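Okay, got some structures for you below.
First chain A sits with chain B, and in the next complex the same chain sits with chain C.
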Partner chain A sequence: MSTLTTTLGRIGGVNLLPFAVAAVAFLLIGAPSSWVTLTIAGLAMGMMLFLMASGLSLVFGLMDVLNFGHSAFVSFGAFVSATVLAGLGGWLAADSWALNALALAAAYLAAISFGLVAGWFFETVIIRPVYRDHLRQILITIGAMIVAEQTILAFWGGTPFSVGRPHFLEGSWIIGDVSIEIYRAFAFALGAAVFVMLYLVLNRTRIGLLIRAGVENREMVEALGFRVDRLFIGVFMLGSALAALGGAMWAGYETLITPHLGSELMIVVFIVVIIGGLGSIEGTLLGAILVGLMANYVGFLAPKLALASNMILMVAILLWRPNGLRPAVK
Partner chain B sequence: MSNKSTTGALAIKGIVALIGALLLFAPFLFQDVRSLEVAARICIFIVLVASFDLLIGYTGIVSFAHTMFFGFGAYGAAILLKEMGPGWTPVILGGLAGVAVSLVFAVAIGLLSLRVKAIFFAMITLAAASVVLVLASQLSQFTGGEDGITYRAPDLFKPATKIFTDADGKVLSLWGVKFNGKLAAYYFVFACSLVLFLLMLRFVASPLGTVLKAIRENEARAEAIGYKVVAYRTFIFCLSATIASLAGTVYAVWLKYTGPDTSLSFAIMIDILLMVVIGGMGTMWGAVIGAVLMVVAQYYLRDLMGVASEALTGVPLLPELLAPDRWLFWLGLIFILLVYFFPKGIAGTAMEKGARA
Partner chain C sequence: MSLLSVQDMKTDIGQYAVLHGVSFEVPEGGVFVLLGRNGAGKTTTLRSIMGLWTPSPGSVVFNGQDITRMHTADIARKGIAYVPENMGIFGTLTVDENLILATESGRFDKARLARIHELFPALERFRDKQAWSLSGGQKQMLSVARAIIEPRALILIDEPTKGLAPSIVGAMAEAFREIAQTTTILLVEQNFNFARSLGRDMAVIDDGRVVHAGSMEAFAADTALQDKHLGLSA
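After this line comes the complex of A and B, so read on.
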């Protein structure tokens, strides 16, 4: 048994979990073509969830701040990008590949810059006064979430808002009898690129080193003379921007969005963060992919269980590893 | 407690007594259907908010599953009243079933979250509550789905029931109030709420309540003195779940309708949270004040906002922000400001004022 554990540990340990889930699902589903479609859908969903959850996880790891208002950035990202896309409708409808891509890039940039500014505002105005007081943090960020959701309702109204998609992301590739929606592949690629960038920043740069050190032992980093609170604003802004980007991509994926999008996704994002373990982006990625895959497989096999499946997954993992799969060292 | 000797505390208790008196005579003082609806809702929410205050204010646990327990009680009574027809047996059985399910969930969540960090508790309860909400709207053969369940209350509460009759055999009326089933239903709600509230009031004054406050103030110290923090936390979670579930049953009997929007939705959870914080955490009196203010605001402030919104047509954005549906926006702002400047809420802040030697 112990040799099995060490072998498993050597070839990846908990990182093998998504593969195991995929393999079990392959046996249960039976049809390879639907399995491939579901897997790609699950991976794409997982990547978008990762973008939304990574900021939350890092912010908690670094500063012990639990932000229940994180979903506001997701909603705002979705609505800002949808508005920009609607405004650039001419470019989007144009028959030129470049103009389409430009419109999409503008929408994403708008969402990201909105996330940066909103994150700065949120950190300085809402969170700063209640550092190190979990109860008031939860209450205040819930209040902020209510205000943000109501602001969206006031600006965009309660009716579903349709989101434009550039022409080159419509449709799907058909390889043999497998059909792959292009937007899903695109979401997966973009998410993976962001993960690689984040990973490199955290593991290869001096700033990343400081962030990781701050997550592990904030007092020590402060004692060495670094301003962790300044670092924290940066991480908070980055996390908000990533959440906004995730929201923007989710908007394109759903194509019809309502102001409640953020609070609906929030539950899933929390589950991702809890499963992955707070404070590490690798754990968050693992949790996001697992949740994405589970949601799609179970949605296909037993549609009624789809939402409960995430809950069951969370309970199972917490019973096995109370701190999540890959928590940052504390 | 030093609170007992301040004029502020006396004033708060006086206000609560006044509210109690108003609720007791509500059917005679405010003789229209809507006011009675408001009064009954206030009674139920006082109990619900006070039981939530046991968690958040007295023990320092943040749970988002309180509406889940409220919903269990409501759905228990609703499903049985629908299946077995009106009567007292389904109400009692449904109430007990609701309490049983609530206890199972409370123990499960309590035990699971003992294994994780305290801060996870909020997230886990939020996830559990949302799953139950989705299940309630999906299992439509049991719960009626999004539409909910409509049923009849026990015969005593029918509007046509005559409780007292005068010489002619008609319903006896006193100061224009008819002694019919509606009145009986209101006093059923009032009496149940009063009993539950007094029980909680007695509980927080007991030695057990003192232990809970000790845990809230300094968990490590309470553990060091020899109190099993984990066991006390699980116990209070179960107790507050039971009370919430009973409140749900009573509300289901009063409304004669149970659906996700009246018992399970996240909006109610936010209402409860706002009521606790506005009224004042850690004082049972605060729950009364918060519940009264919020419910009255819900029913009457919206009308006022509608008038303000129409008066401001033409001004950019303001009419949208003042529209009656946007009242949560303002409450959210007030909520944030309260948490910053008066973290003890109305009751907590007032009770510190006017200290007497």
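After this line comes the complex of A and C, so read on.
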């Protein structure tokens, strides 16, 4: 058993899991074109979930803060970007790649900016008074989530809000008998780019080193002379901005959003964080990709099991690795 | 004037009163040893000095400045390093990353790094290894090395020999002797022979109070006193 584990470790270890899931799905689905479409949909979904979950994972890892209000950033990100896109409808529909891209960039920047400011406010007013008290954290952040949903309801109303997509991201690429939706490929590429940036910041900069060390042992980082509470505000704001960006991308993916978007996604986001291992960006990516692939494959093969599949996946992984696939602390 | 003065320090952890009024003075230079039985309050004393537990009444004065209610990070920046009982190394970081994190500039001072590698050659061999993969002794070396990667006035070290092989304990004693030539060490230790070989001054803590303080030489010579406070001859 240990020889098998060592051999698997050498060739990639738990990183091979998405490939294993994809291979099994290939055998079960049978039709290669359907498999490719589902795989790309799963990867795109995974990348959006990664954006939403990465901040939550770091926030929990660094300060032991359980933030159930994280979904508010996802919802607000979606609605803020959708509103900007609605205002720039002319640019979206224009037959100009540049105008399309500008409209999308403006929407995403608005969502990110909102996430940064809201994250700062949320951390300062709601989280800081309840550091080190999980019960009060759960109560107050769930309360904040409800207030946020009601605020969205008051501003945007309860009817589903239509989200415009830039002209250049509409449609699909047809390669042979395989159809690849352009927006999904774009979501995957953007998510991958954000992951690479996050990875470089965490592994190549002093701030990243501090964050990684703080996730492992906050007290020791403080004993070395660094104020982790100040670092945490930055991480919280970054996590909120990423969640808002994830919400903005999800809005474009769904094209019709409601104020409950964030809270509906939150269960899946928590599953991603738990599967990946708390405080680990690489683990969060792995968990998100697995959840995205499973949701799409099972949705195709056994639609009634689609929702349960991720719960089953989480239980199976936790039985195998109680701290998740790639926890930050060894 | 002493480098560190702890006066009537009382610390509660949750609803439990652990320190009931600890007072002692650490002179500048050499090794000052805090001795005491398990649960006497030695670790809590170090953590309270470091600001990791907040003492309610009492005062901690370092280099003439009151640091009693300062944030841990600010205390560290005053020139106090801490080597906790569990070593506090960052397992997923490499040996070099553990060390560079403790530098103020984010860069190594080559001369200091060379001195550390001279004191602890294993740390040079395993520079790029993740710290979780080191042996217990190597982790302890890394923890001490991290405390001296920058010049510090005082290092608080909590039970560094716990669980280490005798050969490593000897090497550690040598390293501490060399470090103590330039830096004051406040050492918490249960291994009396190790403590005796290093300490110049000492205090014994029992039930959250200092019950004896004086020179290590006098304490080492008085077996009745050792028996009374530490139960060594029992």
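Odds and ends about this structure:
As a working rule, the second predicted complex is superposed on the first by the 328 of 330 C-alpha atoms of A that agree within 3 Å, B and C clash if a C-alpha of one lies under 4 Å from a C-alpha of the other, contacts with A are read in each partner's own complex, and residues count from 1 in each chain.
Here is the rule we use: a contact is a pair of C-beta atoms (placed from the backbone, for glycine too) under 8 Å apart; a residue touches a chain by one contact, two chains touch by 3 or more.
All of these numbers come straight from a predicted model, not from anything done at the bench.
After overlaying the two complexes on the shared chain, residue contacts for A:L43 are found with neither chain B nor chain C.
Considering which of chain B and chain C touches more of chain A, the answer is B.
When both complexes are overlaid on chain A, the residue A:F226 reaches chain C alone and has no touch with chain B. In the superposition on chain A, contact of A:L286 is made with neither chain B nor chain C.
In the superposed pair of complexes, A:L238 makes contact with neither chain B nor chain C. In the superposed model, A:I140 makes contact with chain B only, not with chain C. On chain A, the patch touched by chain B and the patch touched by chain C do not overlap at any residue. On the side of chain B, the complex with chain A involves touching residues 56, 60, 62, 112, 115-120, 122-124, 126-128, 130-131, 134-135, 138, 266, 270, 273, 277, 317, 320-321, 323, 325-326, 328-329, 331-333, 335-336, 339-340, 343. Per the touch definition, chain C reaches chain A in the complex via residues 50, 52, 71-73, 76-77, 81-82, 84, 88, 90-93, 97, 100-102, 104, 106, 130, 132, 146. Across the complex, chain B is touched by residues 66, 68, 126, 129-130, 134-136, 138-140, 142-144, 146-147, 150-151, 153-155, 158, 263, 266-267, 270-271, 273-274, 304, 307-308, 310-311, 314-315, 318-319, 322-323 of chain A. For chain A in complex with chain C, the touching residues are 206, 209-210, 212-213, 216-217, 219-228, 328-330.
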